[in-house]
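Common to both upcoming complexes is chain A, partnered first by chain B, then by chain C.
Entry: the complex of A and B
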């Protein structure tokens, strides 16, 4: 019998229903003038502002991953390549553009052919700028680009926050024009307050993984909860969902139930999963009864477990802060190191798994050095594997399985015979330059 | 006397080793066959030939550990382990001072940082690309039109090794053909080919800490030209035993013996048995 690898509770059914309802609203938008819709990016999304106008978000990334998880991503990718998109181009982009070209949708339900607005909340990823320009071009929808300064310092400057707030006000004026509705500050504050509440509940869920055994997998199961987080966070439905999710997982924790009957390893995961082989990949960890107790990928849309919340007293400023500083993609690499180190220490993890995404240079660049940092400087068992989040052609099952099995074989030995691992002194240059 | 076996089903060749424990542990027999299309048959053949050579019945073998890419396909295997753990263990047994293993096989190459008792501390492998593997050398040999066994000695005769710009196993053919067309000597071309692979392997090995002693394992260890080129770029001597090619199978057999001794540390074996074939 294969190890049960997945928690299937009420929250998974609720999540599924919420996402179907969302696709239902988008199908409704495809057939008429309402509801209004807006394409935007997951990272640092400003869904609160859309909610204030009753606009339904469309996440091209969510569509892309839904396609991949249903093993349907290759056809649209090939269609985009046929059109001239390069093999190395972001596979999310190609899958999404291919879908637009071929009229494919992940659930089979229709999506609006022309969203009310294409909003590039340009966070961390410069490819997305081109992606959203293309989406606007192909759909004929208006495009608005929010230029979000990259976070190079510990905290954003006042000027950076003011710069983004100014653009959000511009966006409000544009949305008033496009929807014909007057901006309602109270509705916006309410949306921000709902977000703050959802974020608090989500954060508590993530902290549940600190106990041994962890009642849920903060990578594979967290992904299930991420859809509602991005689509419904700023609504009462979202608050209700996360209230129930927390209660359900707290009950599991109280009963001492883990993801596996016996939790043998606790991991920190870095990078998105290979969606085209999501189940296969998950089973490779299930075989070893290894639970992800924390993941950076689950903070792509927002980093809430360390205390940040949207603030109804300062709605615009807190939305700007979220966009600039409180999502993993707009933070610098060293901040990602710190985040992972906190996970390792506070969530008591045994090792780190880094999944390099071949077609996402932006998220993945620097992960080789990251491996060296954790493995050599901190002495943490670290595994680096490569494939892709969307393109099935990059996943080599036998190779991936061998690496994962070897990692656990070694980890098992080192857990049974704990010894200080050889580490290099702090400040040592880890990146060895090639010989001339 | 207890006898255990290790069977390493690699992408190109299948290796089997019988290990006997009679107070001391020693290799009783070793056999090599081409893997071919039928992985299961190749494993059985190598194992049967080993038993034949040792003059024992297959039933005399107390425990079999399978390793290599075909490890799940070994129908008579009692447990499986990855070739990474097995190469580290085998190298540490045959060359006890081993702290770094460089393994070059038919389709992959890896660098393993090894602890004092043969445990894996860290490892890196080539990804999605056969550059730096036996396949690269096999292609080069084919283009030049000589046997795989001949390229190593010929590479050692290189006076002025050419520069091979590409590390792509497919595109290197065009590079070699163009050097041949320009009248370069096969020895110099092969010298360049070996150096290109050695440099690529070095950059792979640097991702783990390269510490002496370094032991080379895998089929490519039989190629004297490759050993020379690697030692040149490493600036260090490597242990290369006649059993280098069998190192994965030796390691697997050692794990098998430990299982029989009940000192097998890998507690996953029992759970894992239920996953066979997955």
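Entry: the complex of A and C
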């Protein structure tokens, strides 16, 4: 089928350039004492605080996915397995550690061998704790863990917020010591204000996918936009990028342009993509002119489409709130079900694709129950497929294609012959958790 | 207890551990219809608080090979460890009926997701997730954990718990006594392993998961009194530390076969909940604060607790030195990511100390042991004839 599989506009070129500029800064850091760098995790990241010190973030996850998308992940994975990591350890970690050992980088440019700080923002993912502990051990860099209470109640308690805020202040003192710079509260507030602006623009982009046809794919294209979101959110460059991205996509919307000539299916996607087969996987959906109108993976770094913004009036508290409650990884499984249900209703989707990735138990453990909830309890067409986000050995192409084709054939039939879904009141919240 | 009765005692408690109907929990509840039981998923839970609410804390430990998985595979799929599935299966087959509440904590991603899947599937139960802190270097972590414990107390009261600070102080003293006796048991294992086999020690400690603490204390005292009087011969065995079995438990047969192959298991991390603190928790002052402070500053090292002030591999090194071990066996549950990750720095530490080590993998539902037996025997032979 000659269907174009993706939208390639200016924003894709701009994001590529932004990411190359970022790798350029990291290469500069690798060759001298400046700029200072800090490894941190994508999920619920506190990049605003680093920006206040002029510290450039290093995201090992972004490095790992760049490697996989360029088909370079297997060698470092095997190197890590040789040193004792298990076949069933997270392959992001293995790829990252393998790269450290072998001096591999995704773009061929150098990365700092020893970051100024290894900062584990522990937001839900227990693997982060192990990963960064190992990175600190192998690089000799200092380690700090921000212990973010998992969201086990409907909203964070005041004690949860106070705990994170106190740790953020400890981090400020540590960064002052490591960089020799005094913390500048105005620069911090400015960074937080830039984030709030970027988030507003990003949120408006996400809401564009509510129209039919959606002007972009909120899974595959959103991933393209996620790099700038994590690296540049707290800067003017980030604000400029998202301003232009919104304008470009709004123009498409006004012209009635979708991702495909005809949008046949609207999907909610759950789970990270199979980066080693990113294009192949995307084409499996393009074949059916199926557009993702929403995805949980694009809310790993932050959940902004439901209204949360960083707040320059309360910079520390809002950074803490973002880390505790406003990213999908630190929210519990049932809150994720609710998030997806909102997408189904408000973004008017036809079905759910659950992509189980063996590396990531945070996302995947219990996704069978999720399938049960959506398909049996809500009567939503749901497809469950398995592979990995980093390790190319776990992608069964023919089998995945067969299952996706079969799903769309059935979906086409059910769209033509709609059956009443089980009655669940609109906006019903599954997650009735005790108040903090 | 006569020395000759001790074998029968161990057999009885082994049978009790294998009974998935939780007969001791049911018996305890039958004495008073208002009594409630709260189960906790490994590794640690503040049992003193549950006890102080007048409830029975019960350590869950999967289902071994005694439960066919009919429902849980469809909910948790591939690459997920067995105890996650057996725990859910226990729920879906009615085996967790004696429990009004279930607690989970921040040990790993699978266990955390299980907590919320259980919440959806068993809405009539009180199911909660405790966030146990992973940044003990922060002075704020004690206050945070104390607040978390107070939240738990509020929830236990909501389901009918009758809590008081006084009861908590008394409970802390009781559980201190239990932990002290367990330490004594392990001291026997280290000094005179022939007087108490590893599987016997294991059963005596683990049965505390399902017995009221007062009864467990009585049992431990009896075992401690009887063990030195046993007529057993010293064996010339390899002294090994077992590391990695802190959550899902290996079949008892695996512990036996390691001993039979010529190892004395002088240290392990099998049932860490009852060995959690390195010293007594103060039973005076604000008891909630004392429990939180003890967790932050007096916990044993464990693959599910992170304290970058002191890496876990140094904890392992101390354990090896203190127990004068000759070798380390990494005994890891299949798909246990915390154990897999820790294996790398642990192995490096053990190699730095010049000690031999062996990595083994098991599942709780394992029922053929020949391959494991051969691996251990080969390991022991290679060291004995070295």
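Assume the second predicted complex is superposed on the first by the 419 of 436 C-alpha atoms of A that agree within 3 Å, B and C clash if a C-alpha of one lies under 4 Å from a C-alpha of the other, contacts with A are read in each partner's own complex, and residues count from 1 in each chain.
Note that in this section contacts are C-beta pairs under 8 Å (C-beta built on N, C-alpha and C of every residue); 3 or more make two chains touch, one makes a residue touch a chain.
The model shown is predicted, which means the values in this text are computed figures rather than measured ones.
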Room on chain A for both chain B and chain C (clash or fit): fit
Contacts of A:174 with chain B and chain C, given as first, second, both or neither: neither
Which of chain B and chain C A:163 touches, first, second, both or neither: second
Angle at the Cα centre of chain A, taken between the Cα centres of chain B and chain C once the superposition is applied, in steps of 10 degrees: 80
Partner chain(s) touched by A:372 [first = chain B, second = chain C, both, neither]: both
Which superposed partner A:417 touches (first chain B, second chain C, both, neither): first
Partner chain in contact with A:361 - chain B first, chain C second, else both or neither: second
Contacts of A:133 with chain B and chain C, given as first, second, both or neither: second
Comparison of chain B and chain C by chain A residues contacted: C
Contacts of A:386 with chain B and chain C, given as first, second, both or neither: both
Touching partner for A:150 - first (chain B), second (chain C), both, neither: second
Partner chain in contact with A:85 - chain B first, chain C second, else both or neither: second
Shortest CA-CA distance between chain B and chain C [superposed frame, angstrom]: 5
Footprint overlap on chain A, where chain B in one structure and chain C in the other make contact: 358, 368, 372, 386, 434
In the complex with chain A, residue positions of chain C that touch it: 73-80, 84, 106-110, 112-117, 119-121, 128-131, 133-135, 137-141, 143-144, 147-148, 151, 155, 158, 306, 308, 311, 334-335, 337-338, 340-345, 347
Of all residues in chain A, those that touch chain C in their complex: 83-86, 88-90, 93, 122, 124-127, 129-131, 133-134, 136-137, 143-147, 149-150, 152, 157, 159-160, 162-163, 166-167, 170, 332-334, 337, 356, 358, 360-362, 364-369, 372-373, 386, 430, 434, 436
Residue numbers on chain A that touch chain B, as the complex places them: 1-3, 283, 287-289, 358, 368, 371-372, 375-376, 381-382, 384, 386, 394, 396, 398-399, 402-403, 405-406, 408-410, 412-414, 416-417, 419, 421-422, 432, 434
Residue ranges of chain B in contact with chain A within the complex: 69, 81-85, 108, 115, 119-125, 127-128, 203, 206-207, 209, 265-268, 271-272, 274-275, 278
